[in-house]
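Right after this note come the structures.
Presented sequentially are two complexes of chain A, the first with chain B as partner and the second with chain C.
Our next item is the complex of A and B:
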């Protein structure tokens, strides 16, 4: 009796949750279906087209005369790789410095760091552009990658800082007694311990810079350097949008982020639990 | 011993990485849009011109080819082209403008040119020698405060296409050049008497703000937006106009709201003209050829209905402009003259920026133009003499336009009365005005 009641309750809950998931996932289903529709079926509400057209993927992939989407994916992944490396190194180093090393005005500098977090991106956009333009870095990946190497994401520094503060200082002291240098302390003691936080930093850097359309558009001019985000825009003309191809290619474009979410989920959840950060 | 090694390894990796990244970028940025690296300044003989436009892939390819040709014929002039889509372009340009790093030459649209001129960002091109290939009337229409800031590129304008065989078969009076608004409405009523059920002479454009604007301007009350910041709707005219359409809807002179809402322009099945729902359709010059392709030989064109002040508009809405900060104004002007007057350039660019407004270029590709494109030009020519100024929604009014269209859709479906709708629209207008005045 007791058992069957709890079972029927769990069935009910599951049914409700499945229904809710279907509602939430409806746009995704529609998206997948629409990427296989031709123009005449695009406006119909049906999820699956009467006649699936795989052509959208083929034509979309080869849309540009000069390059295929392989090039754009390559560009983006290359940029992303540097971004992630830069963010992980710089955020862990800077955070280590702030949370473990005593130096003059460290509280003040930390406050300054936090203030850069509050600064809206629009404010720095134009001065930054002027700077990179004067340095001759426009139309290269430097303006997109470099900030990550310079502790660009104040938020990540803050995040890792909080994480390091949770690590007992006794570990440091023990290591110091054993004769490690300050850098050794970072490299041998702290770094392995903050790995979950760094996975978080890596994932979010990846996803945020994948989505950061504005600066990619601003700094990359020539098509050979286009990222996926920019390349997707080529399907949109002032009056005419190649919806089928656009949807097909944008479906592919979210794959890397989706896959990373899928495979890094374990670390990710661990990271959220220990840092309190939510997507 | 081991510890410093590890530290050193990390440090050197960081340095190598940053060097690699910078080196990569450095090498590539040699052909970037950095004005400092663009050769000796000032002379028209050697210059690296930064040039930017928006558009489709076809336009990108053709323009790149034309630029190559120019470089071949003018040793010393090279280009650093950038191109993007329409939305991205108008996000990027303000940043470039604010950082004083706008390209030397770039494409400009009629909806934005006023703003860029008023901020003093564009070079006055009144003195530019266009080789006499662009009609003076066209140039005059493109002027702002008596000065030419943009070199007009292509024919644009509004008018109607109509299904001639079907109208003739029904024994209807055909629309004629410079028909008045009264004749236009009479034509609609005649359609109800002579056309079979389920077919209509005109469509329902209640939701289109500039369709009403056309009416208001024709009757001398000016465009809906003044100085880009003020809303100007003439209450009496607005109600006269909207009541006409409400009455038409009630008497089945225009399609029912649900039928109108289901139409999709240029869609092979859902376009009102292609599906045979309506006998006419309002259309822009550039879009005529697409329709003609789908209904070959059946379509004729006419200009928008006119009032005491004229009707519709006909002018170029796309321009080449030169940045005020450009270091190569002379070279830029020379290049502009070439691209709008050289037949070779025309043959490469074809109609990728619309039907060329320059006579030499037009002549050089005339034989290649399709029936539909010629029909578009016919429409432009019909509209030209009675045309009123082009009055697009200024930047910042996109929300208002959306509200206008949503509210009028509710009117069509009888969810709102005209009085209620008018209040909503005026309220939204005031909000927008207040926001822009800040």
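Our next item is the complex of A and C:
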């Protein structure tokens, strides 16, 4: 009796969850379907086209006269490579400093770091733009890449700090007795142990800077430097928008994030959980 | 004497090493945060078009802003957006997290399904999708017409445009949900068991155990949710372009256009500082209020 009641309850929860999952992912299903529809089928409510075609992808890929999407993907991926390298190196260095070395005012600076997490980007936007403009860096990737080398975002430093604090200090002591330098301690002992946290930093840096549309729009003006996001915006601003092609290219543009997510899911959930909880 | 000085030297070396390690962040903070904040405060008292040197005009920008109907419009739009999407998103993600917080098969699959939209939702691509789906002959209206309902242009109608943006925001509840889920896992099972023995019902358990135990996580999500929603830009820029009739003209959009379409850098800096003060006030208010409802376990010990 008791068993059957809990069983029917779990069936109910499953039904609810399946229904909710479908509702949540429905726009995505439709998106995939729409990208495979030809112009005559775009107006139908059917989620899947009767005759799926790759036309939208082929034409969308070549929508701009000057460059194909290969160029825009290439630009974005190159920028992302630098962003990820910068964020991983600088967040691990800074986090090590904060969590393993006792230096003057370290508590104060850490509090400042936490406060910058709440700082709205709009406040620094204009002076930063003026500064980069004066230095001649507008229409280059420098304003987009440089911040990742300078701390890589307070959030990531915090994430890695939380991780390092979970590593027993006895390891440090042992390494010190063996005569390891502080940098050696960072490089040879701590760095290998915080790899899971750094994978998280890399993933989120990749996804967030992919989506950071406002900065890309501000700092990149010439088409040869455009990222995928900017190319999509150029696509929308056309006089006669080909929705099928636009949807196909937008779908393609979220593929890198989606693939990373599918392959690194485990890290994702753990990463969010540790920072979220201990905040 | 010499022992003391080597000790002092080692001490100084340690401070230096510490600062060396945090120097990437410290340089970034000074050059890309602190200096720009101070500079934007200065610029907010000037007239500056980027072409000529800034000209000091005192508090004229602030006086103009107070009389600018667009300032009030954008502030109202943004506050409406914040007050609609933050509570909705929190409530929804907490509800789903509680449903998922049990050992059922396939939980990872559900979690993936719920998390995925929050992963891609901030991208310009999803804004494109939204604009298409909620358009006059978009997918949503097609579905409605099957049921014999005549839809409107959800994005072109002033009454519903902001609603579509709120919906897009709430659709991305997954990351908040994952944080809640992790928080729920930390609550000791014994608390629920002993309250069951005492005959507590579902609601009683929620208000007496779940909510207090989860309050720090809820607080964290609330603060970050408010700060994030105040700065909403991409979706308003791509989906509605601030329209129709400025119904989705968010504060960030207003600031962006003042600065980079009209090149009124001084005016836009004043807007930025007002935003900073508003967000700081909200955050302080939240911290003050948190004394009454956020429960930290260490207090009880």
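Just so we're on the same page, the second predicted complex is superposed on the first by the 230 of 279 C-alpha atoms of A that agree within 3 Å, B and C clash if a C-alpha of one lies under 4 Å from a C-alpha of the other, contacts with A are read in each partner's own complex, and residues count from 1 in each chain.
By our rule, a contact is a pair of C-beta atoms (placed from the backbone, for glycine too) under 8 Å apart; a residue touches a chain by one contact, two chains touch by 3 or more.
The structure displayed is predicted, hence computed values, not measured ones.
Colleague: Using the overlay on chain A, decide if chain B and chain C clash or can fit next to each other.
Modeller: clash
Colleague: Of the two partner chains, chain B (first) and chain C (second), which one does A:126 touch, if any: first, second, both, or neither?
Modeller: both
Colleague: For A:149, select first, second, both or neither according to whether it touches chain B, chain C, the two together, or no partner.
Modeller: So A:149 meets both chain B and chain C here.
Colleague: Would you check which partner chain A:63 touches, where first means chain B only, second means chain C only, and both and neither mean what they say?
Modeller: First partner only, chain B.
Colleague: In the superposed model, does chain B or chain C contact more residues of chain A?
Modeller: C
Colleague: Where does A:107 make contact in the superposed view: on chain B (first), on chain C (second), on both, or on neither?
Modeller: Touch status of A:107: no partner.
Colleague: Go through the superposed model and pick first if A:236 touches only chain B, second if only chain C, both, or neither.
Modeller: both
Colleague: Just to be sure I read the superposition right, which of the two partners does A:20 touch: chain B = first, chain C = second, or both, or neither?
Modeller: second
Colleague: A:138 in the overlay: touching chain B, chain C, both, or neither? Say first, second, both or neither.
Modeller: first
Colleague: So, does A:221 touch the first partner chain B, the second partner chain C, both, or neither?
Modeller: Touch partner of A:221: chain B, not chain C.
Colleague: Just to be sure I read the superposition right, which of the two partners does A:5 touch: chain B = first, chain C = second, or both, or neither?
Modeller: Once the two structures are laid over each other on A, A:5 reaches no partner at all.
Colleague: Name the stretch of chain C, from among 165-173, 255-263 or 291-299, that runs into chain B once the two structures are superposed.
Modeller: 255-263
Colleague: Can you list the residues of chain A that touch chain B in one structure and chain C in the other?
Modeller: On chain A, the overlap between the chain B and chain C contacts is residues 43, 89, 125-127, 129-130, 133, 149, 214, 218, 233, 236.
Colleague: Which of the residues in chain A come into contact with chain B in the complex?
Modeller: So the residues of chain A touching chain B come out as 39-40, 43, 63-65, 82, 85-86, 89, 125-127, 129-130, 133-134, 136-142, 145-146, 149, 180-181, 183-184, 187-188, 214, 217-218, 221-223, 225, 230, 233-234, 236-240.
Colleague: Chain A touches which residues of chain C in the complex?
Modeller: Its residues touching chain A are 14-22, 24-29, 31-33, 35-37, 39-40, 43, 50, 96, 99-100, 102, 104, 106, 108-117, 119-120, 122-126, 128-133, 137, 139, 142-143, 145-146, 171, 175, 178-179, 181-183, 186, 217, 220-221, 223-224, 227, 230-231, 233-234, 237-238, 252, 255-256, 259-260, 265, 268-269, 271-273, 275-276, 279, 283.
Colleague: Once bound in the complex, which stretches of chain B touch chain A?
Modeller: 3-4, 6-7, 10, 14, 17-18, 21-22, 24-26, 28-29, 31-37, 54-57, 60-61, 80-88, 91-92, 95-96, 98-101, 264, 267-270, 286-287
Colleague: Going by the contact rule at the top, pick out the chain A residues touching chain C in the complex.
Modeller: Per the stated touch rule, the residues are 10, 13-14, 16-17, 20-21, 24-25, 27-28, 30-31, 34, 43-45, 89-90, 93-94, 96-98, 101-104, 106, 109, 112-113, 116, 118-131, 133, 147, 149-152, 154, 157, 182, 186, 207-208, 210-211, 213-214, 218, 229, 232-233, 236, 243, 246-247, 250-251, 253-254, 257-258, 261, 265, 268-269, 272-274, 276-277, 279.
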